Every structure is written in C-alpha cells, then in structure tokens.
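Once you scroll down, you'll see the structures, which are given as structure tokens.
The same chain A turns up in both complexes below, where it pairs with chain B and then with chain C.
And now, the complex of A and B:
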C-alpha cells in the first residue's frame, strides 16, 4: 500500500472513520474496523500502536455505558484510531508535499503542512533535551504539583526561545532556496497517480455520500 | 486549525476537537489584544474564562463522539457526576468543566510568565506579544 498515491491513502484513512460513524452499529463499524486492522496488521509496530491507543477507550466506555452503546462507540473510535495510525506510518510527509506540489497546490501550503507534521517530534525531542539540561543544573522537575509548576517556567522559556531561533534559521534557509520567488516549482519525484487510483478515490467519496444520504433518508 | 488537523494525524482523538481549538485560538487572540497577559491577576481569570468556553464547546463533542471517555480522569469525573445524580450529558459537562478549568488557567498563567520573561529584542519583533503584556 505504501506505493499508492498519497491522496489515495488520505482518502482511505478519511473514508473509514466516516463510514464507521455513518453505517449502523455494530456491524457497520465492525466491518470498517476489520478493514482498518487489515491495513495495520502487516506492520506489527503499527498494529501495536493502534491497539495501545484504542485500548483505554474500550475500558472507559464499558465503565460508562451499557454494552451495546459502549461497543458501538468503541468500534467507531478504534476504526478512526487504526486508520490514522496506519496513515501516519505509511505516508512520509515529504511524499505528501511532493503530491501536493505536483497537484498544483501552493508550495507554501505544502511546506506549512509538512513543517507542522515534523514540528511535533522535533519539539518533543528538544523539550526532553531541555529537561535533561535543567536537571543537570539542579532544577527539581519531579515532586508535588507546586514543584512541577515552579519548574514549568524554567522549561517553557528556553523551549519557546529556541523554537523562535529555529524559525529564524528555517526562514533564512527557505528564503535562500527561493521559496518566496513565486514561481511554480517542479517536484523532484512526483508520486504516480494512476487512473485506477483516481477512480478508487471518487468511489470512496461516492460511498461515503451514499451512506450519509441513506442514513438520513431511510434511517438505515 | 492546520496544527490541529496535522496533530490529529499523530493522535487521531484530537480531530473531532478542531472546532474547540479554533475557539481557543480566537479567545487567546482577543485576550492578547486586550492585554490580559499583563499580570497573573488578569491572566489566570482569563484562563478560567477560557476553561468555561472550552468545556462548553467540547462537551457535545465528547458526549456524542467519545461517550465522555476522552481520558481516565474524565471517565472518573463522569462516573462521579452520575453517582451524584446527574444525567449523562450533565455528568459529561461536569467532567469537562473540572478538567478544562484548571488546565486553561495554568496555561494562561504560564504564557503570561513566558511573555514577561522574553528578552526585549525578541519581544520587539512581535507587536501582539508586547501589546498582550501592556508594553505597547
């Protein structure tokens, strides 16, 4: 599946939760969950991540609701979690940017999307480095709520300052590479978009619309 | 909004709350323009106000999509609300208020502290940051 066009992967990951919420429970969401899990299963790490993200919801839902309601919501949430976890694992941001650019989207939009995606792990790693550095300097980051609250300032300020510094560096790097030149860029390796995939994407959209219309009109 | 959507790719449970994130961003923008980060006495109550708004906006989403099971703490507070005789929706709102109230007040307090601690040269590049702390 990783060789498929990024838009096809996005369409599939969006259609599964949409169908899970639209089709009647429990069989509709159960079917979409089976499809989502089938996509995840070839990569055990992806399946594990999906399982550990979804498992707490099952516990909480069965604590809060009767069996039928809990099962319906849990199946729908698990479909959403499994399909998005699969999408993130299978679709590198750089490939998505190439697809967006080759589809005619502005390079600014494409970069903004990719930069936001890559910012989360980068900030997380930096925050961990700052925590380690401050603890080496004697900052107490563990203990009661007041101790943690006091430590927040010493952790947040360097994180914000270093993020601002990196934004400056990135802006300069992008400027020197002509991002703001305003000319259309040529993607280096545009992902192939076969007609079969385009048809499949439209079929997914049509399937979702049909499911929604069917649910609204006939209360299926 | 873009951040919320892209973050949803990492943790899909954020996705249904995109609308709440937009409201939070708008509220923070108004708070900054109104200079509510001038000191903690203003920032913390403004955060509490955001807590009320965020809880009110997130309750229907949490109730309809997650069945009030967004986290262990929320589940426990919903169970507590039910034991106190509240209906499902009211118990869900109760748990949302409890979790959002303190959370947003601490966040606003932290933002005010960070804004005041920014070096002047850095802060000068962001007019809204200066305005939010009453320096412009």
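And now, the complex of A and C:
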C-alpha cells in the first residue's frame, strides 16, 4: 500500500471513519474496523500502537454506557484510531507535500497536513528523550501505577514547554527557507497518480455519500 | 549596493520594556564578513533576526529605525529545529529551500550537489536527516541555506555543534563566500580565536548597543573588550597575562612576528 498515491491513502483513511460513523452499529463500524485492522496488520508495531491507543477508550466506554452504545462508540473510535495510526505509519509527510504541491495546493496547506502527520512520531521521540534524561538523573519512571503517574507529571511540563520553544525556532527556520516565498514550489519528485487510483478515490467518496444518504433515508 | 544597511535601529521583543537592540547602525557591503561578538544577551542573535527580516515580522515586537536588507538566509545554532521535517533524505533537505523559491528542478539538482560537496557531506546525501549527528546536520542545514543563494548570509553560532575540523571548514567557506562570491556575511560567534582568519569587521555589542566596531585587529585588541566584554583570542589573553608590552597580537602568527 505504501506505493499508492498519497491522496488514495488519505481518502481511504478518511473514508473508513466516515463510514464507521455513518453505517448502522454494530455491523457497519465492525466491518470498517476489520478493514482498518487488516491495513495495520502487515506491520505489527502499527497494529500494536492502534490496539494500545484504543484499549483505554473501550474500558471507559463500557464503564460509562450501556453495552450496545459502548460497543457502537468503541468500534467507531477504534476505526478512527486504527485508520489514523495506519496513515501516519504508511504515509511519509514528504510524499504528501510533493503530491499536494503537484496538485496545485499552496505549500502552506501541504505543510499543515504534513506537520499533523509528523507531529505524533516527533512528540513521541521527544518524550522518550526527556524520559531518558530524567532516568539518567535518578527519576523512577517504571514500576506501579503511582510511580508511572508521578513520572507522567514530571514529563508533561518539559514536553509541552520544549515543544512550544521548538515551534518558535522552527517557524524562523522555515520562514528563512522560503516557506512563505509566495512562489509556486517546485515539485521534486511528484508521485505518479494512476487513473485506477483516481477512480478508486472517487468510488470511496461516492460510497461515503451513498452511506450518508442511505442512513438519512433509512432513519426517515 | 550594500547587502545590509541598518540605521539607528531599536527593537523590542513583545511585552518587554528594555530594547534588545538600542541605536544600532551597521553597513555590510558585498565581500564583507562582519563578526558580531558580545556577552550572552547582548543582542547578537536579535541583530541577525532583524537583518534577516524575521524580527519583528515573525517574532513579533516593535522596530524603530531603518532596515534595508538584501534577500537573506539564516542558520541558527540548533540544527534539529531547523530541519524541515519533510525530507526523505539529506539531498531533499538541501533542496527544500530552492524548491520553495520555485527554482527549476535541474538548477536545484546542480545547486544541491554543489553545496553538499563544498560542505563535505555528499557521502550522507541519501541518509535520513534524522539519523545524522549534530555536526553533520548543521552542515546540511548550512548547505540548504546556501543552496538558496542568498545575497546576505546570516550565521548564528554556526559552529556550535561542530568539531574543530568541521568548524575550520565552515570558517574557510565563509571567507571564500565573501571573497570569491561577493556575498555579505554577518556572523554571531563566541569563537573569538577564529575571527581574525575570516572577518573583515568586528561589531562588539553590549546590552543591545554598539560598544565598538572596526577591523578585528582594532576591536579584539582593545583593553576594554578584555575587561568588560567577551574576552579576547587565546593568544591575546596569554599575551596580556604574561604582561608583555606593545600592541596585543590576536593570532599565533601575529605573536611570532611581534616577538621576532
């Protein structure tokens, strides 16, 4: 799948949650979740990340709601999470930028999409560096829930502050490297966009529209 | 035409009372390399941001005075925050700036290959920028800015992450850029020992004001830069500590010449 055009990957990652929230529960969202998990499965790390991100939602939803409601929301949220985790893992921001620029979008729009995708791994790497530094200075970050909670509190402030500080410097750096030059960016390696993929994307859009229309009519 | 002309510039960061720059005037002509020195907080980095048209446009704040600047590129001290985050490889990272300027693809390739070679990082061209060492990444970032071919090059502690060999390469390149390519270069640095080899002028800032300006031999040999300022070159420091008389030498070659 990684060789597919970035717009195809985006369309698929957007269509699955859209269908999950539109189709009737539990079978609709269950089907979309199966598709999303099937996409994640080839990379065990991606599947594991999706699982551990979604698991707490299942726990709290079943504590707060009746079984049917909890199952419906949990399946839909899990589809969203799995789709997003899969997209982040499979779509390098640089390819997305190239595709957006080739399609005529401004580099600002491209950067907005790319920065969103790259924010998760970047924050995770930063958090790991901070935890490592704190462990070097004797802070216990492993152990029982209380120890982990204390470690989380110690991590939160430096993580947020350093991220904010980096935003300032990165804005200066990107500005000086022509991000706001006002000229059309030269695509360096525009990804090929096959007609089959364009058809597939329109089919996904049509599927979502049909699901919404069908759901509205069915409810009526 | 000068690459940079500042006339009586005052600059305040947002929500501050005291100006970070206070009445600074400076002209940098093509071929000039001006080294900006001063203690931490003296205003050297701010001066570069103003010269690069980033302050107050990006940083916010208030500017008074006249700033006339040529198209510029700035290299900041921390390489990790300057990577675009949108490049598969070092080659793409260097191409990021010229591509944003709309430079044709063939010309981008020519520039990227040229600057990777001049900064001696061609061997890492295919690597992911995230896997580079600080020194390698700093040279890649510098190559990326140079590939945009700015008329005015602004360097803020450009050797902070480099080993001595890497620092020597950068200072040699700075000198070549000014002499051969007629670029204007403004460098904020605390590497005082390197200044006599590459700078044509030194600007000593103190509390946002210009305390002294002139050729390195004049500014770095002053008594007050040794007592009130960022210090002096190692040779000048040893000369003073030894209590030797006469004009203070800045380099080993100067000292040898004086002794003979």
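Heads up, the rule we're going with is that the second predicted complex is superposed on the first by the 144 of 220 C-alpha atoms of A that agree within 3 Å, B and C clash if a C-alpha of one lies under 4 Å from a C-alpha of the other, contacts with A are read in each partner's own complex, and residues count from 1 in each chain.
One rule holds for everything that comes next: a contact is a pair of C-beta atoms (placed from the backbone, for glycine too) under 8 Å apart; a residue touches a chain by one contact, two chains touch by 3 or more.
Keep in mind that this is a model prediction, so the values were computed, not measured.
Engineer: Which partner does A:194 reach: the first (chain B), the second (chain C), both, or neither?
Structural biologist: In the superposition, A:194 contacts neither chain B nor chain C.
Engineer: Could you tell me if A:87 is touching chain B, chain C, both of them or neither one (first, second, both, neither)?
Structural biologist: first
Engineer: Tell me the contact category for A:184 with respect to chain B and chain C: first, second, both or neither.
Structural biologist: A:184 sits against chain C, while chain B stays out of touch.
Engineer: Could you say whether A:68 touches chain B, chain C, both of them, or neither, answering first, second, both or neither?
Structural biologist: In the superposition, A:68 contacts neither chain B nor chain C.
Engineer: Output check: A:157 vs chain B and chain C. Expected answer is one of first, second, both, neither. What do you get?
Structural biologist: So A:157 only meets chain B here.
Engineer: When the two structures are overlaid on chain A, which partner does A:149 contact: first (chain B), second (chain C), both, or neither?
Structural biologist: first
Engineer: Have a look at where A:122 lands relative to chain B and chain C in the superposition and call it first, second, both or neither.
Structural biologist: After superposition on chain A, A:122 lies in contact with chain C alone.
Engineer: So, does A:56 touch the first partner chain B, the second partner chain C, both, or neither?
Structural biologist: In the superposition, A:56 contacts chain B only.
Engineer: Would you pull the chain B residues touching chain A in the complex into a rising list?
Structural biologist: Where chain B meets chain A, its residues are 2-3, 6-13, 15, 65-69, 71-72, 74-75, 78-79, 106, 110, 113-114, 117-119, 122.
Engineer: Sort out for me which residues of chain A touch chain B in the complex.
Structural biologist: Touching chain B from chain A are residues 17, 21, 53, 56-57, 60-61, 63-65, 69-70, 73, 76-77, 80-81, 83-85, 87-88, 112-113, 116-117, 120, 149, 152-153, 156-157, 160-161, 164.
Engineer: Which residues of chain C touch chain A in the complex?
Structural biologist: Within the complex, chain C touches chain A at residues 49, 52, 54, 58-59, 72-74, 76, 78, 81-88, 92, 95-105, 108, 141, 144-145, 148.
Engineer: Can you list the residues on chain A that touch chain C in the complex?
Structural biologist: Of all residues in chain A, those touching chain C are 92-95, 97, 107, 111, 114-115, 118, 122, 166, 168-179, 181, 183-188.
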